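Chain IDs A, B and C follow the sequence of writing; residue 1 opens each chain.
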């Protein structure tokens, strides 16, 4: 049973990491706390749902569409909205993101109603067992692989391409980057698009595992916060470590104290990490 | 959906151009009885809120088509004034105040969920205006001496009574029980009641576990169930939780001999979402579309089911029927009271003994309906009443996930 | 007397009689609406002390509201004490909590402070959901006020109004004190403030405690008025967001800005939800977006423009875009 709890925690952690990786990128590079992150996940989930329901496209295939669409959408949101207020400071962009969240959620609510929907694929609950000890749900394992893949892609883009150099340059010193000829506005928009695209991927996976509805985003944003903070900003390893740490802590915590303590555990860890290791479990102490 | 959008846009433009035009300009006030209702159009409870609104609207239309409510020789039309409580109890009670103080509604119809019903019913109490509600079953609503709230769902603590009684008829009868429940008012009441009943029947409770409302991940609880090796699992929660629980039970290959749930199985959404995986799950309800009672506004239950399905294109469940009965009780009580006086109508409601499509409605002293729940089971994608007086026998034990297909 | 003080006295002189007479002209619902407006004005103004003047954007101020509400419920329902005792305990308890949590959390800056306070609020909600004395997530009843209906509405309105007046007066005198200068110095440059001998820890903690005190008082009155509260409804992050949007919408770091923001946001949302049963929240989101883009310094700044023109809005965008 202990082994199963550990596996549950790890796989849940993978899902958390997938949710949070986009938020971490956006926060780390641009200092924008994207409160609307969960809403983008919701959009990814609904794109998958509609493609599956209307056109019969397999959710894993629709990953391409949800990521592409959300990348473009994120690009546009940054380019034509957030870029206009970005110099007013992190606090203002945070409230702007809040406005975007309300807008997206309620647009989804008005267009699709609050119905709970489910992508019904035959393999949604597929699993395999290792001996008699552990049962492993396949889709969660795939989510785990996907987050590693995405973080690898992000890592390569950031460290091996010209785009990555621009992103890092703007992140370190916006004015200097501009003087060096970097298209700052465009770089910001691409970064935001990448983060939101990752949210789209998380949405697709989420829709295979859980029921979806327009109001699902808020709770996911809060969880992502915890993951990003625990993992710390500035590295692609951060969200993965943060996700795994939270997943395992929740799995064991809810086993020992009871399932209603899950949130108490998560947010207590968040506050403690902030107080004692504000740069995340990877970073230094101050 | 599109035209709702368009209508709102047009309304916005109209307001912008012509200034504040009241939303209700229709004047024929002299001969209408206004029922006030703050219910969830948006937010987490909006899906269930819609179940109530559909049935309220259908019942009101039926009353009006049949000549309205007759008081002192005059016929009154019924009219519902709605507000969106945004699934927020604070918002909801404020809107009830608005309905009473500003819209001057005569009586109140209830919202959905026990947590919202309580603050709403406190406003009704403050104003001494009766409220009939079909969406809150927690004993806590009726435990505080509030004389102005009447509920048409049976007491939460008794929800699983019929399920437990049914298990005694099964062979071999399950002996161990895992009981999971959400931490909101209604489900806590269900769990506490069930625990007592189970102990009385000599069942062994091997797991009594509370989880947070809106939980999406049941892996740790399922792991515990597997370890405790419970023969029977009962879940008191909400539709989304029931969906998650079922899918994840399959993911982790947890197959107890019996899975029973409070909210979920009776609803069309639940079956649509899970498909074949919903089969063999037991549900409970105060009502099922397979019942047949002689009705008040409509000849009988089957007529209601037929008309409802034709109108809204989904199968009614107990939420719809309970809401339909709420309006029926109002019409009956107002006519018996012979006036629109709140106190007189309240007393008439308390003395209600009415045959409706939802069953016979009578209220206990605390205002909650006397009644019991029946057991349903999903078989071949349809819901059947299986106990008591089942139209089909229950299928037991639950076929293990691996053995399906 | 400087010019600002004159303006403030004039503001009080106009607003106070208007507020005092307000309940006499409306029906019960209008009074209730006014009471809620005052409640949010208190909370936005209290948020302004820590967020606007000190520059520490708390994202968890709802925790004080919830604590105030729950202290009131427990003191009245479980200990059977009268409302006045509960009201004092609620304010004191919230302020004390602000001190305890502020000592570690106020060491963090910017985003980290915001998220830490959010975490504190969420953790507190989860704790209250699990405690026996608060009756868990199921919610708790309070004794009901035993007065004629109309009197009840007056009662809650005037208590809320008195609390708001105290909040605004306290803020006004705070700003004229040494502590006030210290807070603003901290907002402008905390290291510099420290180097000129300001004890920043003490100053920040007092500001946070005051913020907590008034927010807790608002929570107390709210709980008594509702007569039933649930963790979800008094600890929801949406209340925090509302106070902060109100403060920004009206004008952060100004005395009357949050009040103005609270009144206008409440009126706008009420208007919208009257006309658009479903889509009102959608429009609300759009308004927040537009307000942030065009008037990030709030309405007070907008009104203080001599000449209102498109140029003002474009100027804002030019200043903040990249």
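The rule is short, and it goes like this: a residue touches a chain if its C-beta (ideal position, glycine included) is under 8 Å from a C-beta of that chain, and two chains touch if they have at least 3 such contacts.
All values derive from a computational prediction rather than experimental measurement.
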Greatest separation from chain C - chain, by CA centre: B
B-C against A-C, pair bridged by the larger set of C-beta contacts: A-C
Distance from the mean Cα position of chain C to that of chain B, given in whole angstrom: 37
Cα-centroid distance, chain A relative to chain C, in whole angstrom: 31
Multi-partner residues of chain C (each touching 2 or more other chains): 126, 129, 137, 278-279, 281
Shared-contact residues (touching 2 or more other chains) in chain B: 4-5, 42, 183, 212
Residues of chain A touching at least two other chains: 106, 109-110, 260, 263
Sites on chain C touched by chain B in the complex: 27-30, 32-33, 36, 126, 129, 136-139, 141, 144, 149, 152, 222, 226-228, 230, 232-233, 273-281, 283
Chain B-facing residues of chain A, complex: 1, 4-5, 8, 11-12, 106, 109-118, 120, 124-127, 129, 135, 137, 139-140, 209-211, 213, 215, 219, 250-251, 254-255, 258-260, 262-263
Touch list for chain C against partner chain A, complex: 57, 104-105, 107-108, 110-112, 114-116, 118-120, 122-123, 125-127, 129-130, 137, 237, 241, 244-245, 248, 278-279, 281-282, 284-289, 291-293, 296, 317, 319-322
Chain B residues touching chain A - in the complex, by the definition given at the top: 1, 4-5, 42-44, 46-47, 50, 183, 209-212, 214-217, 219-221, 223-224, 226-227, 239-240, 243-244, 247-248, 250-253, 269, 272-275, 277, 401
Parts of chain A lying in touch with chain C, wherever the complex brings them together: 27, 31, 33, 81, 83-88, 90-92, 94-96, 98-107, 109-110, 174, 184-185, 188, 218, 222, 225-226, 229, 260-261, 263-264, 267-268, 270-271, 274-275, 278
